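Note that subunit A is present in both complexes that follow, paired respectively with subunit B and with subunit C.
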Partner chain A sequence: MAAQRTRQPTRRWRQVVRTPLGAGASLLMALVLLLALVAPMLWTDQADAVDTGNILAGPSAEHWAGTDNLGRDILFRSLVAARLSVGLALTATAIAIVLGLLLGTAPMLLGRRLGRLVTASVDIAVAFPGLLLALFFAVIFGVGARGAVLAIGIAGAPSFARLVHTLVAGVAARDYVAAARAAGVGRVRVLLRHVLPNISEPLIVNATIGAGGALLSFAGLSFLGLGVQAPQYDWGRLLFDGIGALYVNPAAALAPGLTVLLAGLAFNLFGESVAKGLGVATLGHLPERRSAGPATSGPPTIRAEEPVVAGDDEAPVLDVRDLWVSFPGADGPVQPVRGVSFAVRRGEAVGVVGESGSGKSLTALAVSRLIEEPGRVEAARLQLLGADLRTGSERAQRQLLGTSLAMVFQDPMTSFNPTRRMGGQLAEVARQHQGMTRRDAFGRAVDRLAAVRIPEARRRAGQYPHEFSGGMRQRAMIGMGLMGSPALIIADEPTTALDVTVQQQVLDLLQAIREADDVALVLISHDVTVVGEVCDRVLVMYAGRIVEDLAAADLATGAAHPYTRALVAAVPDMETDLEQPLAVVPGRPVAPGEVPAGCAYAARCPLADDRCRAEDPQLASFETPDHRVACWHAGEPIPVDGPREPAPVDPVELVEVDAP
Partner chain B sequence: MSTPRPTSQSARPTGRPTAELRFEDVTVRYGSARRGHTAVDRVSLTVPPGQVVGLVGESGSGKSTLARAAVGLAPLTGGRVLLGGAPVPTRGRRRPLQMVFQDPYSSLDPRMTIGDSIAEAIPPGPSREERRAEVARLLELVHLDPDRAAVRPGLLSGGQRQRVALARALAGDPQVVIADEITSALDVSIQGAVLNLVRELQRELGLSMLFISHNLAVVRYVASHVAVMRDGVIVEEGPAARVLADPHHDYTRALLAAVPGTRTPRRTP
Partner chain C sequence: MTTANSAVASTPATPTSGPQAGPGGRLSSALTHHWVRFAVRRLARLLVSVWVLVTASFLMIHLIPGDPVRGAMGPTAPAELVAARREALGLDDPLWVQYWDYLRGLATGDLGTSLISQLPVADVVAQRLPATVSLAALAFLAAVTVAVPLGVTMGVLTRRGRGRRTELAFTTSSVVLATVPDFLLGVGLVYVFGVQLGWLPVAGNVGPEAYLLPVLSLAVGPAAILARIIRVEMVTVLEADYVRTARAKRLPAPRVYLGHALPNALTAALTLGGLILGAMVASTVLVENVFAWPGLGSTIVSSILNKDYPVVQAIVLVYGVGVLLVNTTVDVVLALLDPRSMIRED
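This part shows the complex of A and B:
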């Protein structure tokens, strides 16, 4: 699920002005609008003054850009023309937007059949070049300012309609629109209250850029003599007149040309920088993808190294000591992973559980070097099969990770390229990392698909991702990991998107692979029961730390940390007492930016005392060397308060909360 | 056309009588007649008044489609959905059948305050003041601080949002509520609190509920009846205790066998 942050609108707009480009564009934009507003008030007289003694003169101290064939000052005329030019462009844009909104929202309001007709017509209209349409309409509506406004407005409508349609469809698919409709809110009201406000930002941005385009189109039409007619004048008209006198006075064409250029630039730059600041896609561009370069930092400061795998002579498959992941935040760096140490032995299955935001996925991503800029990874030790993942060339690392480590993600749909056949996508891994030929690689892909129990593997290899069901895609993802001969599979919520029966198949498959090839498994899940069933050992994470490391078999009865015990109790199973309310973990998880002093769990812990609030407990052995707990009161009985009161009113704290 | 509705605190729990929700031979097809796909195939299912029916089944089995058809979000190809013997109104402002959605992150308009989102679902009639009081009462009902009605959903956790979604569904003064996977997007630590709330609200208000989930343990906890759906067809239906203890259909048995935690956990070798 995408983390959806709704920043304060004002703060977001301020963001736009903060960049140098944004500030410059905003300033230019303001100047152009100001000019359009005041120029006719200030300089109309100068612009209209006929100076018969100075006809078609070149630049002089009196007339900086020279004069036209009636001896009128070109510079003043160019300035005064700003109002008409900008005004006409804005009017045309307004027409385009209104028509675009009507056409673009029609499919939602009219119902399926009529809507499809509208969409198809719009699609056809979009295919024509805008200027061509404008010329066509200009001929229909006749020469003159009004005709040109209508022509450019109507010509611009189809692309706006397409944009509106796409945006509306995106918002209309969201559940809050369905919820409003299910509550009996009418279509028009849904459109006005839910849909339009949520598409207003990209619309405004594209309208601004559209206005820039309209400005240029106008100049073009007037220049062709189809737009504004004398005695009115806009920039295009001035340009038209100026070109005629080009050999006598080049400045006569230069001045209006320059103003058109500047004004067009102002609209476009302003639109683009607003788009960038707000993170909105414009018609021409899709949002840039962030570069996916891993960012492992240099040698970290060595912190106290404690032995993790006690009494084990064989080198672990994965050895992580004191792993930290940090991101720059508004008030200094935040650390979602704070000193995680664990090791995974050959063939072992280790589960990682914890609430959303506890750092499970980031730990996995750090190990596979998939943390993106500006994230930073530091560790005292980070070894896969004895090789240091912190140093060494990027290439060597990719090679090692590509062949020895398999990652399986929650949503296999987004992990595959939807436009390529499955077999080819799997084969590519082997060609890249093992240098196989195309044919061998494809053969192995089919073999691996069969290995993950995809029926008719050869036929299926020729299909596209969307032709696979969710469970099959997930198995194919695992099959992709098996193209090499991995020693470790890291599966991050591999079954959350699947239902129980398919989940069981995927878990069984992972189990079978482990047993067949002695592959180690790290299984990340928020479901304690799943982890308890599949894994040998469970790591419980809270606020970026491992707070307990215990044998899976001990989860139900042997957990010592209060948080682990609360997590286990909160999940209903097939034996849960139906008469009692479910146990709940009170309060909220700690956000990475606000980790308190002392034990991070103290605010929610029934055993918390003053020591807990002051001193942070370290992960230490508890009773047996394999059982590690970070708690001052590990294993102590949790006081049961009398009959449960109805749940208290939950104060809504005013902090941003991320989606899990 | 607007009927007066009870807004006083005491009138609510005994408010209007709960009703039976009945699906009769409901069929939903997507796509064209030739290349279409039957998502729900002649399903008949009854939610008795004041009871909770749990609907389980794998994804794509048509559970959500059935729910969406009941509230008019998916077109019925055949059959009827009856509420208290009359067709469910899918037009107009009074909607005695309300739905809560799976994803609390996309089911609330990010630009509207939670108070406005809830108020929007209150049928027309009451004055602005009465609406405000009703929003406060509903927030209290789902254990949220009524003073926070002006907060936008961006500031709420998943569990808090799901409670707002429940409050919004209750704002329509429903006789029946359909809950579609309302806990599956939530953390286990929050899931328990939402399930407790569902049970509490259901008992206090005497609501009839269709509770859709793929998690059998969750369904067992809230539902008195269970219906099992597969490929658009209900394959088994009955009292929860009976279906879960003594399943008759093979598919139900397979579902039960797949519940995590029912198999013996592995021991470290």
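This part shows the complex of A and C:
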């Protein structure tokens, strides 16, 4: 949107015409306007020529669409009627716009009280269909073309007024308008100089669509006999005359009918395609919101298996080897996760840290089989409790994942369905996977809510998500995971969206569950402190890879990878001056589509040398078998005043390490 | 009007029987509180709208330039007769007296007397109303039954930028269908099925099959728009976090789409859908005239042309109330589907 706004206006309009739909609509539109202009000059005589010997004739070589009850040529009449039809529609639209502008800007000009009254009246009027309003005003202004123009114009005013009101309110909130107001510029001047020019585009687009509507409404009124009266004729009037003779000469009704349809379509499609091209919302239509592109990616190449930490004899709860995630991008597939291998033992808590874009969340989604098309997941091994998640029937997988794996997402405010009660949302799991009755499942839901320390669980279960606080919702989300008997909880930034005061509660709850039921935990976080506090082991991710795998206890002093050390160093401690901005890891993370050859961290690394930039270091054991690092200079001292790489480019991209 | 009131008045009781009411899920007082406020607010808005409507229909006859009675009876009618009729209609009383009489008449079901046929307007309306209501109701039903499954299916098929071609075909055809005005579609249907094929009756309410073409004419456009809105909403909703949660609960796809995505998509679609369905009430006027349907729509047009103002007044009022009824119903359904919609207005 912002990019569109900065483009040249003419170029943006030209781009509208360049789409097939836009070009077709523009052509049709030009044709209709041309017809309205020239048809009466060219063909009025033929259209009015009476031929009493040839009345109500069907189509012939002489009269392509036959003749009417006075023997006049239908086709020529349909063409000549273009001017009156289009003219009346445009006049009515102009009336609607002027009235709409007056009513829509009234709240800004008239001040609070009166403005509110106007807005309320408009709101009431908008609820009534335009046709009903048009009929009402047609009665007052009388039958005929003049009455119909006024009626359709006034009937169209309320919806325009509402549009203008919305647009004006949007612009009026912007800084430059506020600045102009503060500088003492008068309301009318602000409106004319600052507000109206900024809303002209959507207004014009909607006026075009409105003109199409007016054209069809007018045809409707004339068709009812309430609009244009003989001897004048517009398309609706021709239709009115033609329908009586439908059995004798169908073309008498179909010709004007099709013409008005095409004309209406021209206005509508033109307006819609301009709206789409300019990104303008239209009356009654929603702008499209879209995400990723179509699936075109091929499978990524599978790498050789990497050594995984040798666990004890017990099978790991989760075993992942060489996991790749790819999405189709503009220039071929993008791979945000590039060969990740790790295992989680029963009851173990593993933290995954990294900046945004490091692939840590996608790793979690991929492991839990929640990546949707067009995303692709490939792995040499992906096992939950020994069961292969890459194969197997969907039913069996749903059963396994639904009962043994619990997910906790970042934003508890949006992760519950707002239209359903909390109890029902939890109970659904038990009904689905444990075949419980509605009553039993609800009972279990209440029990689980109580288990995650939600007071008055029974009453709370009957409430909707918006009645829960953020912390409570996150606890309920954990409770939802406990509906089954999970062996693993994957929590993706579970505390990031929460108040500092409730963050600890949620972490404590996760800890308690882990201890009570020997549940394994994968905690994904950008916050090294949180991970260090809760987890046994930490995986540090950078650019879609694990760059270090170490015991949480070693974080502070034993980290070997320069990136891990930078993350740890950025954590504020007792001596940190809290008045200063939080420390960050200098430099910018690598975007998934632009991973360089050699070590991905080289551009930001104080230890980087030529080898780093040429050869990609693999994850390998460092000093002890449980400590894995991917770095050519693992553990080497970092020069204090050494040649730092270029200063941070874009501070927004940097990860801030929060205080605990 | 009484039905409209009772529809709203009954809302505070509905949540207990709502679809998601779990066993023992006692309502929180906060929610009840919201329902009461919602009902009061909605009722107030309905009453104001009805008052505006009644007043507008009353004023209509007074806003007409010239003497409406003279206009109705024609320039040749004797002056005494016109005066007598004016007297009978009370048009010579002070405006507020007439207003009061009008309101009192409405309250007792007296809608006045036709200037042309001298019949009570209430009788005319009562005789004509059923044909229109049944037509409109069937058309609503048809539009919604087609639009919801179509919109949902299209939303699922075109989510996350899939099915570009399907999307283009669907969007284009729905835009075109939505542009065809109902009465033109009606004329086309009459031509194809009546004139060319001779399969279906094209005029009057002569049996169940006579409903087919008028209902089709009325329903196609709104169905196309509704389906389009629902598709866009589905595509948006399918990206929502709570849909991911539903998938994380490993529900089967139909449950995710219908149980979790659809109610949310509908709440957004209904906000516009109310206007579209309301507009269908007025659209019956045109369609009835295409098919010579013996409803209010044919009557209002002939009455406007005959300047039979009391009849026009009454029918405008009936249509207006019909629209308000539809709007109110939609709001209540909305509140049932998504309790936040009540609070958002606070």
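By definition in this document, the second predicted complex is superposed on the first by the 381 of 660 C-alpha atoms of A that agree within 3 Å, B and C clash if a C-alpha of one lies under 4 Å from a C-alpha of the other, contacts with A are read in each partner's own complex, and residues count from 1 in each chain.
Everything below uses one rule, namely that contacts are C-beta pairs under 8 Å (C-beta built on N, C-alpha and C of every residue); 3 or more make two chains touch, one makes a residue touch a chain.
All figures in this text were calculated on a predicted structure; none of them were measured in a lab.
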Task: Which superposed partner A:585 touches (first subunit B, second subunit C, both, neither) - done: first
TODO: Examine A:356 and indicate which partner it touches, taking first as subunit B and second as subunit C; both and neither are also allowed.
DONE: first
- [ ] Could you say whether A:268 touches subunit B, subunit C, both of them, or neither, answering first, second, both or neither?
- [x] second
Task: First, second, both or neither for A:427, with subunit B first and subunit C second - done: second
Task: Residues of subunit A contacting subunit B in one complex and subunit C in the other - done: none
Open item on the list: Can you tell me which positions in subunit B touch subunit A when the two form their complex?
Closed with: 57-60, 68, 71-73, 91-95, 98-99, 101-103, 105-112, 117, 120-121, 123, 140, 143-145, 148, 151-158, 160, 163, 165, 168-169, 171-172, 185-189, 191-193, 195-197, 199-200, 214-218, 220-221, 244, 254-263, 265-269
Task: subunit A residues touching subunit B - in the complex, by the definition given at the top - done: 1-2, 4-6, 174-176, 178-185, 193-194, 197-198, 349, 355-356, 469-470, 498-504, 507, 526-530, 532-537, 551-553, 555, 566-567, 570-574, 576, 578, 581-585, 588-589, 646-657, 659-660
Open item on the list: Please output the residues of subunit C touching subunit A within their complex, sorted ascending.
Closed with: 20-28, 30-31, 48-49, 52, 56-57, 60, 63-65, 160-162, 164, 172, 175-176, 179-181, 183-184, 187-188, 190-191, 195, 225, 228-229, 232-233, 235-236, 239-242, 244-252, 255, 259-260, 263-264, 267-268, 272, 275-276, 278-279, 281-283, 285-286, 289-290, 300-301, 304-305, 309, 312, 316, 319-320, 323-324, 327, 337-340, 343
Open item on the list: Looking at the complex, which residues from subunit A come into contact with subunit C?
Closed with: 21, 121, 124, 126-132, 135-136, 138-140, 142-143, 212, 216, 219-220, 223-226, 239, 243, 246-247, 250, 253-254, 257, 260-261, 264-265, 268-269, 272, 284-286, 288-295, 368, 370, 372-374, 397-399, 401-402, 407, 409, 411, 414-421, 423-424, 427-429, 432-433, 438-439, 442, 445, 458-459, 461-464, 466-467, 477, 480
